[in-house]
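What follows is a set of notes on a single structure, which appears directly below.
For reference, chains read A, B, C and D in written order, and residue numbers begin at 1 within each chain.
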Amino acid sequence: MLSIIKKPSALIGALTLGLSLLSGTVQAANEQYFPLQSYRVGPYAAGGTGFFGGFIDYLQYVNLKEGGVNGVKFTWSECETEYVVEKGVECYERLKKGLNGAPAAATNPLSVGIAYATLDRSATDKLPLITINHGRTDSTDGSVFPYVFPLQLNPYSEVSAIINYIGDKSGGLDKLKGKKIVTLFHGSPYGKETNPILELLAKKYGFQVTLIEVPHPGNEQQSQWLNIRRIKPDWVILRGWGVMNPVALKTAQKTGFPADHIIGNIWSNSEEDAAPAGAAAKGFISITTHPSGTNFPVLQDIDKTVLKAGKGNLQDSKRFGTVYYNLGVVNGILNVEAVRVAQAKFGKRPLTGEEVRWGFENIKLDDARLKQLGAYGLVQPLKLSCSDHEGGGAVRFQQWDGKQWKVISDWVQADRKLLRPIIEESSHKYAKEKGITPRDCSKES
Amino acid sequence: MGATPLLELQRISLSFKGVKAITDISFTVEQGEICALIGPNGAGKSSLLNVINGVYQPDQGLIGFNGQRYQKMQSHQAAVQGIARTFQNIALFKGMSVLDNVLTGRNLKVKSSWIEQAFHIGRALADEIKQRQKAEEIIDFLRINQWRNSIVGTLPYGLQKRVELARALASEPRLLLLDEPMAGMNREEKSEMSAFILDTQREFGTTVVLIEHDIGVVMGLSDHVVVLDYGKKVGDGTPDEVRKSPEVIAAYLGTTH
Amino acid sequence: MEFFLEVLTGGLLAGLMYSLVAIGFVLIYKASGVFNFAQGSMVLFSALTFVSLLERGVPFWVSFAVTLLTMIALAWAIERVVLRPLVNRPPITLFMATLGLSYIIEGVAQAMWGAQVHGLELGISDAPLEIGGMLLSQFDLFSAATAGILVLFLSLLFNKTRIGISLRAVADDQLAALAVGIKLQRIWMIVWAVAGFVGLVAGLLWGARLGVQFSLSLVVLKALPVLIIGGFTSIGGAIVGGLIIGASEKLAEVYLGPIIGGGIENWFPYVLALLFLLVRPAGIFGERAIERV
Amino acid sequence: MIYRESGQFITSYQADHRIFKLYQQRWAFYALLGFAFVIVPFIGNDYWFSAILIPFLVLSLAGLGLNLLTGYAGQISLGSAAFMAVGAFAAYNFQVRIEGSPLLVGFVFGGVAAAIVGVIFGLPSLRIKGFYLLVSTLAAQFFVTWVLTQFGWFSNYNASGVISAPSLLILGHDFSSPAGRYLLTLGVVTVLAFFARNIVRSELGRHWMAVRDMDTAAAVIGIPILKTKLLAFAISSFLLGIAGALWAFTYLGTVEPHGFDLSRSFQILFIIIIGGMGSILGNFLGAAFIVLLPILLSNLSANFLAGVVDPGQLENLQKIIFGALIIFFLIKEPNGLARLWQLFRERARIWPLRF
């Protein structure tokens, strides 16, 4: 039954696409579609509403300001996942076919679990899976994971950059010797993922690292922080998640550990992570791949063309310019840029997922291009390739002043050369397990 | 009457948290007889049945059954030895059908393993059919055919009592313990139940120990009466002997019961 | 040694926080024999309502009063819609009904107040206090004191008032209580309302600790082992159970964690409770009924 | 016209022991099986296979597992997800560590491993009853997920602790396509449903129900309580373990321990409450309900209420609906959807001779 309904629509879609190619005229379905596996309820709703709000606002902005990319407008629809894996999969399957003939460009679930569950599917369906700032570290190796893009920053780069920053603060990486660093991590695969890298770096630079686990959800951390108090570390790296972050800050205060020596990672860096801790959060430092705030041309422009026109996606307009919102905008910029790059090669028309993938692999954002986009300082310089699906690996550091984040550093780069062999070892193991033959990237154009 | 008694209680005592429920009770039940336990409420009758089939463990004393002696009887062991019973407040499996309840009574006779049953292999089918036949015999015997597939919890009280008897009989017991089998019944139902108990004794040669308050029924039904009061034995003999015993009259028959 | 004491006191104080949630359970279990899994959602709901009112500029005590009234209304609704139709059903059925209830309450709470995280400041400093080299949290001390006052209040309520006496009668024997003319429904409603009040106090303290958000409802998972150890029917038991769980899980995490791997606080209380159960099936203070057949 | 059965008399106990006593019922059932095995693979599409049918089947199996334990044997459990996790990780390790081992043997291995863990956590059920048993099953829930995340060995030292399904090859046939995964799942679930059905109608099934309804009486008539309860835990966990393996292998293709958290256990419990405790059919009805309702609601909102109702509110609404339904079923129809279906069928049987 359903196939009877579905197939004609696909057929019509193909026909219209074919016709528009032949005649060169613009059809009604001259749109590029983004399936959005968003989450606006449940425990992680705060992140979801911000991120998807920013993403949608940017797409809207490109539509309003420039009429899309080369006349191809963007369209999207949302499907609520509640951050639950099965719902994410259901949404993926429901939306992957495109909308009203507009083909899907890429999926952006902003959820590690959903990303993992749709990883194989995205390769089969030839639909890029964008896991900005998160996801499988070894998917950085695009030769094994052609359709997965942990843009900007994978988890390994994250810790490496933090250690580099601590080194900076101590007056050079050689001064790390003998320092004591504690990592407080969420008791989950996500939390544990970077532990081996920290141990590796500890060996390399001669600092002492102690790994302390906080069981999920992390609403009770007394014993962990008493332990930290006993160790008296120079720095605490907070690899938190949800409620664990504010509780960590509160408990730190309770045990007398200074907030300005706690460094939050990429999932501990939003307003929602700091604000609930109240005064205890003041001074807390975290990494970010993009500053918060509205002081960038592109954000000013979005405010003018989208928000002021009453077309903004945020329910609470106060959240404009927050960490998650800006991440959504950055994600929008990168997705749209990929479409633009791909159109330059494949033609000014709606593209298939496979074509958009080529676009992602050939993204090249230098300072000049970023200035053009009005995103200089907001987005780090980024160059992707067949073998490198991360591209950047740099972060800036920000500090919570009790009300908002203030950027306190320039871009700090991760030691990606050191990490690459570890990533490849893991990706090759995966390839072997799944029987994948890696692409030969030297042959890719 | 056989040479060795089927059941022999020797100086049984039982207490709960220091409160004595049964004190030093001894008596014997011969093969094939119907023995009635009588006495006022709280005399320890039900507790005594519970000791016999291992629901409670006595503080001291010995239980002799079928020539064996036990300091403690476990429920499962009692069932294996051939002791079946019914309960004062009906202990049927309320969510199951009448047939299934009766079939559970045959659980010790099932020979096939659960794996055979799960895959319908080996002895499973023949076994199931055999148990079913036996169960149906009992169902016929107690005339509850028409409720065979009813869920027990939905049946009236009198019928439930009969189903419970059926479940007990399905195990082909040597000793049947009945705790107030006629409680709450009208005259007609009582005589019906009495007839079932007598038929059971005659047809299957089952020894019966029962608790009953209705003295008329007791005197008509039993071969042997034991009288309890405050956890002590105050009388033991044939119905006629007991009826004449002054202690019994004082303790029990003299009261308003 | 000093560190050991620090962990121990920290654990004991955290344990009292668990007790706060557990007390709500005990009240309801005593009066209606229901193991109320929705206690956690009630904590969430009350804290969320309170903080949302506060954020909208409603003064502290007015918010408190309004929230309390909401909890009483909730208790009334629960008695009407859930408890009354399920009277005389097996405890497991009632337990599962409270699971459904917790879903409803969580859904309503989020529909009404949204899912974002709220900070809650009760105006109690959380700066650490050093006493003889030992670290104490002012906030935890305050919570402990609150728990103490609450227990005092509840024991006064149960021992000195008419409601309390009827409640104890109901807890003892429902049929007998009915026979002497105690209105069961009314008692249930009152007890659920008091449990709602306890939930509100717990919600405020927990909310100030964690921020008011969804995972507040998860504190119920910590209260369960507390109840097992303390017994379902004793408020004193809930306090002692909380102290035992709090102290032992912290000590286990600190001293056992490094040996077998950290993050054991989630299951350790359950294993401890399980051991308790095997030794004392009715908890330390609970009474075991003799099984009658 | 629905169907008639006049003239069919059951003449032997053997015939009476059949699963479907009326030939119309049998016929309808075989037609349904035929449809599911032969027709559906041709008419279904990716979305139906991957997003609806496969999770429906896997959750039905999980519900079946829990139903044997809770609905039949009367032992309440909140640890179902943990047993699923054991099954998934055991099957995965079997596949990874033994080269070329057959897939189906891996499933069985996963089931057996889950059964062993189930028995261990079922042991306390001897001394503790009712919802006290929750403690034991919750201990299983938290302990198992902790062990699986704590020790990298279980996920073959994957940095993210995630396992990925191996290729689904059976006797050289590749079942990796959506239709293939559906057929594989359907096959496994069908076989196990028959297995479970036979058990609950056999002596062991009667033992379970006896223990559920009154365990002291069961002991008195000679039913071995320990063995009966432990078998309930073992067989229930066996089914749950295989359900876990299917969840990881044929549904998601990947899974992390966190995917089998407490909320999954709740979900499975809700399946049996809504579907019907002590019923085989009920698990399928309950699972269908729990899979379809959210999709239905979100589709409805996307198509008809777009812009009117905030999708977030819809999820809250769904939560409220689930909660309300659970309470409704507990109050009005403790035997769930299965009982409603049975009532409907009984009416249909005598229709139109009802009056």
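Basically, a residue touches a chain if its C-beta (ideal position, glycine included) is under 8 Å from a C-beta of that chain, and two chains touch if they have at least 3 such contacts.
Everything quoted here is computed from the prediction, not taken from an experiment.
Asks: Computing the C-alpha centre of each chain, which chain sits at the greatest distance from chain B?
Replies: A
Asks: In terms of Cα-based centroids, which chain occupies the most central position?
Replies: D
Asks: Just how far, in Å, is the C-alpha centre of chain C from the one of chain B?
Replies: That gives a centre separation of 47 Å.
Asks: With chain centres taken as the means of their Cα atoms, state the distance from chain A to chain C in Å.
Replies: Measuring from centre to centre gives 39 Å for this pair.
Asks: Between chain C and chain D, tell me the centre distance in angstrom, where each centre is the average of that chain's C-alpha atoms.
Replies: Inter-chain centre distance comes to 33 Å.
Asks: Using the touch rule from the top of the page, what residues of chain A touch 2 or more other chains?
Replies: 40-42, 45, 187, 215-216
Asks: Out of chain D, which residues touch more than one other chain, so two or more?
Replies: 146, 216-217, 220, 312-313, 316
Asks: What are the residue numbers in chain B that touch two or more other chains?
Replies: 55, 87, 91
Asks: Touching residues of chain D toward chain C in the complex: what are they?
Replies: Checking each residue of chain D against chain C gives 76, 124, 127-128, 130-132, 134-136, 138-139, 142-143, 146, 150-151, 216-217, 220, 262, 266, 269-270, 273, 312-313, 316-320, 322-327, 330-331, 334.
Asks: Residue numbers of chain D touching chain A in their complex, please.
Replies: Chain D reaches chain A through residues 43-48, 50-52, 55, 96, 146, 149, 155-156, 158-162, 164, 166-167, 251-259, 294-295, 298, 302, 310-316.
Asks: Would you mind writing out the residues of chain C in touch with chain A in their complex?
Replies: 3, 6-7, 10-11, 14, 110, 114-119, 121, 126-128, 135, 137, 139-140, 209-216, 218-219, 222, 249-251, 253-254, 257, 261-266
Asks: Any idea which chain A residues touch chain D in the complex?
Replies: So the residues of chain A in touch with chain D come to 1-4, 6, 38, 40-42, 45, 49, 77-80, 82, 85-87, 89-90, 92-94, 97, 112-113, 116-117, 119-121, 136-138, 187-190, 192-193, 196, 215-216, 315, 426, 430, 433-435.
Asks: Can you check the complex and tell me which residues of chain D touch chain B?
Replies: Listed in rising order, the residues are 13-14, 16-17, 195, 198-199, 202-204, 206-207, 209-210, 212-214, 216-225, 231, 278.
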